[in-house]
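Next, two complexes with chain A in common: one pairs it with chain B, the other with chain C.
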Partner chain A sequence: MILAAAHLKGPHIDWRSLSPLLALAGGGTLTLLVGLFGSRFVRAVLVPLLTIVAFGAFVGLSIWRFHHSASIVAGALRMDDLAFVLDLLLGTAGIATVLLAWRSRAVEEAGHGELHALLLFSVMGMAVLVSAQNTITLFVGFELLSIPLYVLCASELRTEQSLESGLKYLIVGSVGSATLVYGLALIYGATGSTDFGPIGQAISSGSIATDPLLLTGVALVLVGLAFKASVAPFHQWTPDVYEGAPTPITAFMAVATKAAALGIFLRFFDVALIGTQDTWGPALAALATVTIIVGNVGALGQSSLKRMLAYSSVAQAGYMLGGVVVGTQLGVKATVFYLAVYLAMNLAAFAVVVARERETPWRDDIRSVAGLGASRPLLAWPLTIAMLSLAGIPATAGFIGKIYLIDALVDGNYAWLGIVIVVGSMISLAYYLRVIAAMWMREAPEATPPVPAVRPAMAGAETAAETTRYPELAIVALVFGAASVVLGIVPGPLFHLVGHAGKAFGGLF
Partner chain B sequence: MTLSILIWLPAAAALLGALAPGRWPGRVALLGALAALGIAIDYVIRFHTGDSGLQFVTDRMWISALGIHYKLGLDGLNVFLVLLTAVIFLAAIAFANLREWPRPGLFYLQLALAESAVLGAFCAQDLILFVAFFDLMLVPFYFLTGVWGGENRLRATMKLFIYTLVGSLLMLAAAVATGVTAEPAGGSLTFALSELQKLPLSNGSQDWIFLCFAAAFLVKMPAFPLHGWMPDAYEAMPIPALAAFSSVLSKVAAYGFLRIVLPLFPHASHHYQELIMLIALGSILYGSAMAFTTTRARLIVGFSSVAQLGFIVLGIFAFRQTGAQGALLQMVNHGLVTAPLFFIIALVAMRHGGSEDLRDMGGTAFRAPVLATVFLVVAFATLAMPGSSNFVGEFLILLGVFQSKIVIAFVAATGVVLASVYMLRAYIRMMHNRPGPRTESREMSWRDGLIIVPLVAAIIAIAVYPQVALRKSDPTVKTIVGNGGQVTATR
Partner chain C sequence: MATTTWGWLILACPLAGTVIIGTGFRLWRGRMPGWIGTLAIGLAFVASVGAFFSLRNHPVEHRQLTSSLWNYAVTGGIDAKLQILVDPLSVFMCLVVSGVSTLIHLYSVAYMGSDRGYARFFGYLNYFVFSMLLLVLAGNFLILIVGWAFVGAASYMLISFWYRRTTATRAGIKAFVINVVGDVGLVLGTYFIFRHSHTLDFLATFKQAPTLGASHHGALVAGMLLLLVGAFAKSAQVPLHTWLPDAMEGPTPVSALIHAATMVTAGVYLIARMHPLFEHAQAAATVGAIGGCATLLIAATIALVVTDLKRVIAYSTMSQIGYMIMGVSSGAYAAGLFHLMTHAFFKALLFMAAGSVIAAMANEQSLDRMGGFRRAMPFTFACFIIGGLALSGVPPFSGWLSKDEILAFDATRGGAWWIFTVLGYLGALMTAVYTFRMIFRAFLGDPVPEALELEHGHIAHVEPPRNPATGEEEDTDVGFPGPEHHIAEREWPMKGAMGALALLATVGGLIQIPKVDNAISRFLEPAFGDSRFTHLEPSTAGAWLGLVVGAAFGLIGIAIAYRIWVQNPGFATRLRERVPALHRFLVNKWYFDEAIDLLFLRPATAFGRFAQSTFERLFVDGTLVGGTTGIVRVGSAAVRSLQAGLVRYYAAVLLLGLTVVGLYFLIQSS
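Up next is the complex of A and B:
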């Protein structure tokens, strides 16, 4: 029997390509189990550490399989250089989130093991999504990404807003998923395949490029993905969910979910649907325009930093869609480049917001950063750089990112969308500068604040917040703030990296 | 030694100084600015007269994926503007050193960063690099105004930043479009100015690109209908920052027309020649009228700058060699007179209880003959008294405009008269007349004199011998405006 088993030929498994995903799955299971131990040290120190190690392994194994493109799991996943670059971003976002969430209320209330396991599984969903090669894996990745996030949003169990945020996200997200799966079914009906490659061939070879069934399917998929990427007019959940969710989770959603959603946008539209680019291109460009305007105008009146960053993330999603619209290699590269830049500047901003939320009684109100330039320059500088970078000021990475996007748009005959990006940036200055002005040009508000009504009285809530310092938050802010400047001055290495990602799509110009 | 050292030295020195305690940040920044001036003088001496091409070129690939070069160089257009920048910023930093500033490390860092950015904008020979420096030089002024400014500073900074960045961002889009549309089939993307000149754009794309660039430059100057940010920002800025801003930053915009717009978009420049000249004319008349009616001393200089910049733009868009030469000379002249004017206003205001309103001033000259004399020299230079270099500049500009558009020249000539009206009014109301309620006539201190008198000496020197500047810029101006002239001839 044993001998027979040895002779039995199983399917060939490409462990090397699969290893990053396995690291996340194994890490998630392990943290969940370790989190069951009662010891405070194990839960509060070992679990976060294990999570970081798992993310580190994910990144390290991704680097190991760099330049080793392969289709695995019977062609369901394609581990190419685009997936590699996006995996790097996801891993970085994961590590930063663990650091931001360390010692936060969310981990205390939801349980260390549970929260970190959910985080790992969510990133695994994202990693599956960005390398998905057929519609089934697309949907599996999409759901694996979303379901942990619904729970993570509600992980401050004793805060009404957090629970509300989780519920809202669940309902809206489910509508998005339902739309998506319906659209995928229609596309299957029209093309007779679930794999991206055959779908693309069916579209380009046959006369179905104008088939109403296919186009309805494409439209529904677009709507479903637009929900996740918070593209207007499907963005309405974003400010509420971002504001209610625990801030580290908000940061995670803002950067990682965005990277995953844009990744699948690139993969699905630029590979499977590239044959109908004439049809969806203008529609997507119109959506991008609406997104840029709605996001930027919406951010203008916000006094909550989290809501402001939520609207700003909507606007930035609009900028990045520009790279998808043109359907060229240059567009892919510009989008991925901007995603990397976007990750750095948003994590720097969110780290400061998390820090001030814990240090001051103003939660995420803009008053929490007033006078920061004088009192805490190490927090003020990263936030200043992040805001300047988001606005696209030279010598920051955001400037180079915008040049690249505009370059791709002009090159792809969408120059007008480049102008829209510029107009959006002008509007955005008003609210980004407000934050800088608050930090450097206003005095810190009076020491006796009104007690915020939304914060429920909680037994054993920490009261000595003023005395506790959070060096890990300052480190995250400084690292990503520095990255935002360094990538703006020496962008060469990042260009090199996204150059590989662009080449992943051989079929594009 | 490369131009990079000249550009980055001030910022590097101030960064070092920012880490030092007490009064050291200011001193270290001053040393940095002094060293930068020394290097700039060295470049002017070594500059080879009679050569129209670039000298002292640094050319390295910055972003190869986008064809963006880190390319710097000097030629007849920018060599004296670089010197002017070094002089004015040294004076501004020295003037700041005589006063106390809260958080001095940050203050001098921002001032020196501004110097680096302006020097970079003048030296840049790559389109995107120019745009980057052009936008970057605004950021320090945002902080300088917002943190150390006077009343209403928040509103002023908001206006300043949004107005000027709207123009700059349009310019960014236009710059990228220039490179991408000029890219030859099969060729590679490049933004180096020397390469772009060889790749003419179609007339249609030139037109909209020209308008974007013009918007950015006209806002920064500022020119008449786009000057809305100017009064608030001028009122709010601290004096050293204001002196640098008004003397140098407006010149970057005028310089941009000569360096980028005329060579790269010759067709559109001619197409919109009359529009731009009318805007310039409007600036001259509006600026003069406002300078004559306002009672705020700073705004007199501010609106007079609007008028002077109008003259400079007129000279550039006359497309005659005399006009462009006059414009270039006038840029240096105007920079040299504006900075001391603001310093003097600050000193005079100190003698009137801190008020900068003409109605509170008067009688300062009584016990301050040196201050009065210095002010008189500067005022005469500003109103282009014959014998001053400003006279030479305005004369050349008007000569060019006469050859090109005679009607506009006639109207513009009234601006020269108006200048003497508002400058003399300001001088009389500030220095003579009945003393104001809180007037306390005092001579200026020798330290302030040490800053202002050399500037005045420079004004006199260039008045006596303007050929220095003219001769060095001559060959380059000839190539730039010469191209423009040919296009007119063939049309």
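Up next is the complex of A and C:
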């Protein structure tokens, strides 16, 4: 046996192309180990710094490998420009999350080393997922991103809501994973291959495009991925989990998980299953419509900012699904473009929510931002811009993103879905503008917390705590808020970048 | 310096003015913002002159220059750039806009002197001029739309400048809403053209005009008709004109700037700019000409009976814009733009003179209460007379030459276009009558108490100040007019601006005399050289005959006005009593407001109420919002008590969704 094993030839590995993933794996291991040191400085400063360095290396190596498309590890991973652009987004989201989580309760309770290592491994899962070119890698990436997230959601160990959120995510997430793996198995059964390329060839060459086995598999995969991208009606976990999870983790899930899920949507449906686009296109379009309606209507009545942003992220997932539906290069470009602007505007919004959560007794209630325009303009402006951009007001990045998506939809003969996007955006104005109105037109509420948790003797200490400012949060808010405007006024460079990502799928029109 | 650099400078000056006035409003003391604003617009005028001379150095066939500062979005079939087009047409418009605007700024420096929103006023005013210049310099449809919308926003801010006056804010909203209707028309029209031309660039689109006209004639006509909606809304043409008279609620310099010299001419400019497309969509061009002609007559009849001094001039503006729209729609581009220029001179002059009178009357605008200002305000009277003669088309004043050139062109074009010439002369007769009715009633006759007081050196004040339209009490703080009134006789900036305009209104027409110098036609030749109407030129005899007829009509009109309002003061009342129905019809402005109210507002309001009571209350509030939040509320209650149950519920929905998706795919598979 041992001898036989020795004769097995391992696949050739192109280490240079694999290097972005290695940076994350190495960083994760290192932070976990360094986090064991007792020194407060090492834990609270060095570990986050190391994590940022690891993310920086990940981004840097991705940029280095740009334009060097390669299928590596025996075709299991495809490191092309689409993967690199998405890696860029994932790395940015990771860095922002580290900044948001720095000095947060979650990081204190769960331990610096642990939390940051989990974060790095989760991003690695996402990076594997968006590069997956094989159903096995797809599933490995999917689980590698999910399992750390389950733990991260529960990282505020002493908060009941956080634990509940983690548990709920785990249970419902397992159903999603099971569905996905079942679907992948059926597709393997129908096509006889686990590689995307051969699956695609089998579908386009043979007569199995309408094979019940294959299509059942497609249906199950669709549901499994829809779950992760929080596409209605597989989104119900989203508001609960987003609300319960520590806010930095919520921000991370909102932007990074979405980028990864849509990345694999693009890769799996536009490469492996493109031959059955006539079949899954309408189904996906219908799901997108339901998602846009459910997300936007659900957000209307929310008073919790995190819940509102959760529903908003459901609606935005519906918009982005439009780029997948059409199965064209333009659709890929539009989706990636929107993912980038979605990252900017959501991170800006979440940074402000995190800041206000720490500064006011209102937690993430909309009252926490009331009167912000007068008291903290540096936080109010990024949130205003983020809300306007999410709503798609002209001269913001969200507007260009939506125009691009609608352009792709019209081009791909799904103009009606473009109209749904416009209608959805109109509804969304109601809840986005409500936040802006609260910031600029309402007075800050009396600083009495909803639950009388502060004893009179603590009043002095409470004031001292309130004066603690979090410059890193303001910086994240300002940087991404500025990006939401700049990309709306000068979208050229981003167009250029996503143009390369779109060309990664040479087979598409 | 490159010609297009001058073009960018034209835009940079007012923008810089806006920013400086707007950001430093706490620093500026006294009349500083006014001088900064005037200087900024003055520099824009200097830059326009620079562009003019620079353009003349180019050979005639290379006088259409574009320059783009940056590419906004140039991908897959869209070429959106920040691009300007400097050609004779845009330079001509820049000269008129920035030149007249400089004088209006100068006038405002004194006129608005005591207003508490002084800096804000000049910030808005500079922003308005910037928007207008952006509109005329636009090199593609995108920038045109941006400029177009900016102008609408600026006019809203300026009309509602006295924002604590409900009448002013209501007028601002009305203007904005009607302008947005026009914006929608412009955007949709652009889309119709862009769909087939695949470019936003003006020059590239115009090159394709013949092929578009041949292959997509229907779409082109539809697009042009939609552009006309935009042009009609901005230029206050029937039936989208109702905002203009109400816009007289704004300060008088605003009326002079927006409603005489610049904004309302945007529609004329648009048609002239789009002439290659209009010439291949003759149906749309004819609609434009008919609309212009109808406006010029309707507005003139209303102006005969309106008693508000500024509204008479406003209706006269509508009527004169009607001439221009009729001219450029029928192909008389140079003539239409020539009239645009002279009209800017004499109409701005009339508004300024009216502002002086209104100030002397302590903001009272009704002609019924005015009279006998001749001795008290000799300078204003002289300006009013000059403006009135130019407007009536009396030789040698500027309006005489420009108006008749449009009418002579229509006569030369022949056929049914003759009708426009005849109706145009009828309008000219009415113009002279209402213009001099206004002058005679305000300046001749027995002096009213305010005039007598002014003769003794005191400007009338009403304590406490009141809204002249409703009589509501006001104060003089920000949001209402200031406490002091300023008249031309006492303020040199007002006097200077009016003097310059009076000079231009007198001699400005002489640069284009048929068969003599034709300076404007020659300068604009490169822009309109591709027109199929270039060869259509009235014969010398015809042109001069037209001028004689026009002059005769003007003089007859003045004579009629003199007989009715000076020699027979009671005659007007008797006339009114003899045909009460007609008078009521005209005083109610042909019932356009009421018709719009009946046709659009009431059904929309009724529909809105209906939708609110049924759809929104029952469906949206009850089912959607109430329902989902209800579920969420019930759900979150369930979380605390019965957690497993909720996850089971999630799993159930998940399975249900999975079943539906699976079923769909299975049905597809068979």
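Keep this in mind: the second predicted complex is superposed on the first by the 483 of 509 C-alpha atoms of A that agree within 3 Å, B and C clash if a C-alpha of one lies under 4 Å from a C-alpha of the other, contacts with A are read in each partner's own complex, and residues count from 1 in each chain.
Methods note: contacts are C-beta pairs under 8 Å (C-beta built on N, C-alpha and C of every residue); 3 or more make two chains touch, one makes a residue touch a chain.
This one's a predicted model, so the numbers in the text were calculated from it and none came from an experiment.
Clashing of chain B with chain C is the outcome of superposition onto chain A. By the touch criterion stated above, A:A444 is placed in contact with neither chain B nor chain C.
In the superposition on chain A, A:V223 makes contact with chain C only, not with chain B.
By the touch criterion defined above, A:L478 lies against neither chain B nor chain C after alignment on the C-alpha atoms of chain A. Residue contacts after overlaying the shared chain place A:P212 against chain C, while chain B stays out of touching range.
In the superposition on chain A, A:L433 makes contact with chain B only, not with chain C.
By the touch criterion defined above, A:K402 lies against chain B but remains apart from chain C after alignment on the C-alpha atoms of chain A.
Judged by the touch definition given at the top, the superposed model places A:G301 against chain C, while chain B stays out of reach.
Within the superposed three-chain model, A:V422 lies in touch with chain B and out of touch with chain C [touch as defined at top]. Of the two partner chains placed by superposition, only chain C is touched by A:Q236; chain B is not.
For chain C, the stretch among 415-423, 505-513, 559-567 or 595-603 that collides with chain B in the superposed model is 595-603. Where the contact sets of chain A with chain B and with chain C meet, they give residues 400, 407, 491-492, 495, 499.
Of all residues in chain B, only 63-66, 103, 106, 128, 131-133, 135-136, 139, 142-143, 146-147, 153-154, 157-158, 161-162, 165-166, 169-170, 172-173, 176-177, 179-181, 189 touch chain A in the complex they form. Across the interface of their complex, chain B is touched by residues 333, 373-374, 388, 392-395, 399-400, 402-404, 406-407, 410-411, 415, 418-419, 421-422, 425-426, 429-430, 433, 436-437, 440-441, 491-492, 495, 499 of chain A. Listing the residues of chain A that touch chain C in their complex gives 164, 168, 171-172, 175-176, 179, 210-212, 214-216, 218-220, 222-223, 227, 233-234, 236-237, 239-240, 279-280, 283, 287, 297-298, 300-302, 330, 400, 407, 489-492, 495, 499.
Put simply, chain C touches chain A in their complex at residues 70-76, 624-625, 628-629, 632, 639, 643, 646-647, 649-651, 653-654, 656-658, 661-662, 664-666, 668-670.
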